[in-house]
C-alpha cells in the first residue's frame, strides 16, 4: 500500500479568511486512475489539488494517500509531484538543471543527476534542448520539460494544474493524448484540474464536477455526459438541454411532466420513481433531437409529448454536426445538434419557425442523487466511445 | 492619431529628447568646469581664468600636508562602503523576505525605516554622537559612522527589495518546495539567483550611498575622515584646485567602474550565448 | 484571488528575518532620536549641558523671529525644488519609458543620468561655482554666443544658485522611483485608452500619472526630506547670505550648544514628518510597495 497512489479525501474543508473554498468534500480516487477535477473558476478544484500536493493545509478533514494520512507532510514526502500552471520552470537554470533539480536537492552528484535527467528528457524527445534556457523553448516544449521535472521524482501521484490551458488549440489536442499515454505507461494516479469539459471527458477515467466548493457529481466520463445527476452538471457539460416540470402521471415505467407553459415531457422513471406532484428536472441530449421546419398550425402540438416549438436564433457549423439554437417563448434557449447530412438535406435559417422532437427513452431525470464519492468505475473504451467521441474534434 | 514624421516618431519624441539632452548637459556641464580647472597652472586660482596648464594639482593630491589626507580618507571611504554594502545587502534581503509574511509590528518597522530615511542627516549624526558620548565610547568611522550610514542605506535597500519581491512569482518557490528543496535550498538555489539583478541594485546603491555620504557621517566620524568629509574640510579651510583634480579623478574612476561592469556583463552574456549555440549544434 | 500560502512551519521566521533591520534601526535611529528629544529639554550653562527638564530651549526657539524666517525660507526652497524636480523627474522618466524603444538604450541613457551621482555631492556642488561665476564657463559662453554682453551676476551666490544646486544634486532621487513606477505600467492599458480615442494629454493625466503615483510620492518624500535637512548647499551656494534651519543648527552644534540645537531638531523633525505624512495620506505607499495588486 505504501507505493499506492490511492487517494482519499475525507470531509475536507478549506477556509480562507471569510471565504469557504472547499466545503466538506469526500472523494476517493483509485490507484492508477486518471481523475479530472472539472469546474469553473473559483469552484475549489485548484485548492483541492494544492491540498493533495501539500501546498495548502485543509482547515478540517483528512487526506490519505496509499492509506496513510499525509496531513502535515511536506510535498516531497507524500510521493506527489505537481505540474504548475504556466510551468514555473526556473528561468535561471538550463533545461537540464531544471529537470535535475529534485536530484540536486536530494544531494545526488552532478554527473549522476545530469545523466538521469538526460534519460528522462530523451523520453520526451527533448534531450538536444538540455543546455537551453526555458525562455528559449516553445510552450509545448516547456510543458514537456515541466512534466519531466515532475516525473523524475518518481511520484505515485502526479498533480496537474490546468496543464493545457497555456497551449494553443492544436497543441492542446496533441498533448491531451500524450498525457493519457504517459499515464497509462507509468500506471500512476493523475489528478488533472481543468475548466474545459471536452478535455476532461477525453482523458479521464473519473470526472469530478465541482461548483462553489462542493462536488456536484463524481463518476466516469460517460456517466457525467449521458447521465448527469443535477441540472448544474447537465448545463455545465454542455451536451444537454435542461427541462423542468411537475409530475402529473406515472405509468409504464415513464413519468410525465408538465411545466408552466403547458409543455409536456415524458421520461423513463426507473428505480428512483418520482412522486406525483413532485417538481423535478430532466435533461435531453442535444444530439438526440430532431429539428425541422414547422408544418401546420401550432395548435396541432398542444397535446404532444417531448415536443417544443420555437424560432431559430442561431446556427453554428461544427464540422460533423450543426448546432441549432432555438428561442422558445417562456423558457431558456433550446439547442439541438443535427448531424451535418441531416441539416444539409433540410437546411434551416435564422428566424425559421421550427419544431424540436425527441424520444422518451433519451430523456434522463435529474434526481440529484449523484455519487458524491466514486468507486472509479472504469468503463471499457468501447463503452466510453459510444455517443461521446463523435462530438469530439 | 498625431502626425508622425517620416520615420514614425511623433513630434513629442523630439521635444522630449531635446529636454533630456538639456538635462544631461545640466548634469554634466558643471563637471566640465571642474575638469578643465583641474589642469590649472600652479599659480592658478579656483575660478577662471586659467593660469597656464599643468598637472600640478593632481600631484598635490598625493602630497598630504597642504591639501589633506586624500589617500587615507579615500581608502577609508572604500572600506567603509564595502562594509556598508555587505551589511545592507544581507539585512535588506532578510527584511524583504520577512515582509512577505504578515506579522505583528510590520507596519511599525516599515515606518521606522521611512522615518530613518527622512530624518535630516545632521540630526541623526548628532543623535548618534550623543549616544556614543553618553556611553563614554569614542566615535570612530568603523563603528558610529558605520551605524549612522546604515540608517541611510538600509531603508533604501528595503524599498528596493519591496519592489523586487513584488515582481517575484511565488510559483517558483512552490515548485522548488514541491521538488523536495528545503526552505534554505529554495532560497539559495531558486529565490536569490532569480532576484540577483535586484540584489546587485541594492549592493550598488548601498556602496554609492555610503561612499558619497556626508551629513550623517559628519558628527560621529571620530578622528579620521572619510573622503567626503576630507573634501568638506578642504572647502572650508584651504581650498585649491587640488579639489577639482580630485573631482576629475573620482568621476574618471566612476566611469571606469561602470565601463568594467558593463563589459563584464556583455562578456558573460556573449559567453553564455556561445555555450548555448555550441550545445545546439552538438 | 490568490490564496495565502501554507503557514504551518514558518510562523517564527518573519520575526527572525526582520530582527537585524529592527535592531540596527533601533540602536542607530531609535536611541539617537530619543536622545535628541531628551537633550532638547536639558539646560545649558555656557558650554556645559545640564541634565534637567526645562522648556527654555523651546521657548527661546519659538520666541525668536529668526526661527520663523529660517523655517519659511527652508520650506520655500523645499517646495520650489520639489516642483522643479517633479517636472524633470516625470519628463525624463516618461521619455525613457515611453519614447525610447530599445531596452538597451533605456538602460544606457538611465545609466548616463546616474553616473554623475557617483561623484561626491560636495564636489558636484562646488563645481557650480566656477561654472556660474562672473568669469565662469556659463557666462563666458553666453557672451561668446552674443546672448548678453555683461556677465549675469544673479547666477551665483543667490537663491537661484541654491535652487540650481539642489536640483542638480537631488533630481536623481525623483527620477529613479518614478521611472520604476512608470516602467511597470501595462502598455495594453495605454493602448486601450488610445484606441478609445484618448488624446496623449488625456492618457497622461488619466492613466500615466495615477499609475505612477507611488513613484511620485516616494520621490517627493526623498526630495523634500533632503532639502529640509540640508545645511551645506545653502550656505556655500548663497555665499553665506542665506541659511537654513539645519545650517543654524550646525552652527549651534559647532559651539557645543546641544540643547537648543536639539530643540530645533525636534521641531524640524515634526514639521518634516507632517509634510511626509501628508504625502503618505494621499498615496498609501506601504500598500502599493508590498505588491498587493489591486484589480
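So that you can tell them apart, the chains are marked A, B and C in the order they are listed, and the count of residues begins at 1 in each.
In this section, a contact is a pair of C-beta atoms (placed from the backbone, for glycine too) under 8 Å apart; a residue touches a chain by one contact, two chains touch by 3 or more.
Just so it is clear, the model here is predicted, and its values are computed rather than measured.
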| item | value |
| --- | --- |
| Identity of the chain that, by mean CA position, is farthest from chain B | A |
| Pair sharing more residue contacts (C-beta pairs) when B-C is set against A-B | B-C |
| Rounded Å distance, chain A centre to chain B centre (Cα mean) | 56 |
| Chain centre separation (chain B, chain C; CA means) in Å | 16 |
| Touching two or more other chains - residue numbers and ranges from chain B | 174 |
| Two or more partner chains touched - positions in chain C | 5 |
| Shared interface positions of chain A, touching two or more other chains | 54-55 |
| Of all residues in chain B, those that touch chain A in their complex | 169, 171-172, 174-182, 185, 189-190, 193-194, 196, 275-276, 279-280, 282 |
| Chain B-touching residues of chain C, taken from the complex the two chains share | 5, 7, 10, 13-18, 20-22, 24-33, 35-36, 39, 88, 91-92, 94-96, 99, 109, 111-113, 115-124, 126-131, 133, 135-138, 140, 168, 171, 180, 184, 194, 200, 218, 221-222, 224-225, 228-232, 236, 246, 249-250, 253, 258, 261-262, 265, 268-269, 272-273, 276, 285-286, 289-291 |
| Residues on chain A engaged by chain B in the complex (per definition of touch) | 53-55, 74-76, 80-82, 84-86, 88-92, 101-102, 104-106, 128, 130-133, 136, 149-150, 153 |
| List of chain B residues in touch with chain C within their complex | 1-2, 9, 12-13, 16-17, 19-20, 23-24, 26-34, 36-37, 46-49, 87, 90-92, 94-95, 97-101, 103, 106-107, 109-124, 126-128, 130-131, 134, 147-148, 150-151, 154, 158-159, 162-163, 165-167, 170, 174, 183, 208, 211-212, 214-215, 219, 227-228, 231-232, 235, 243-244, 246-247, 250-251, 254-255, 257-258, 262 |
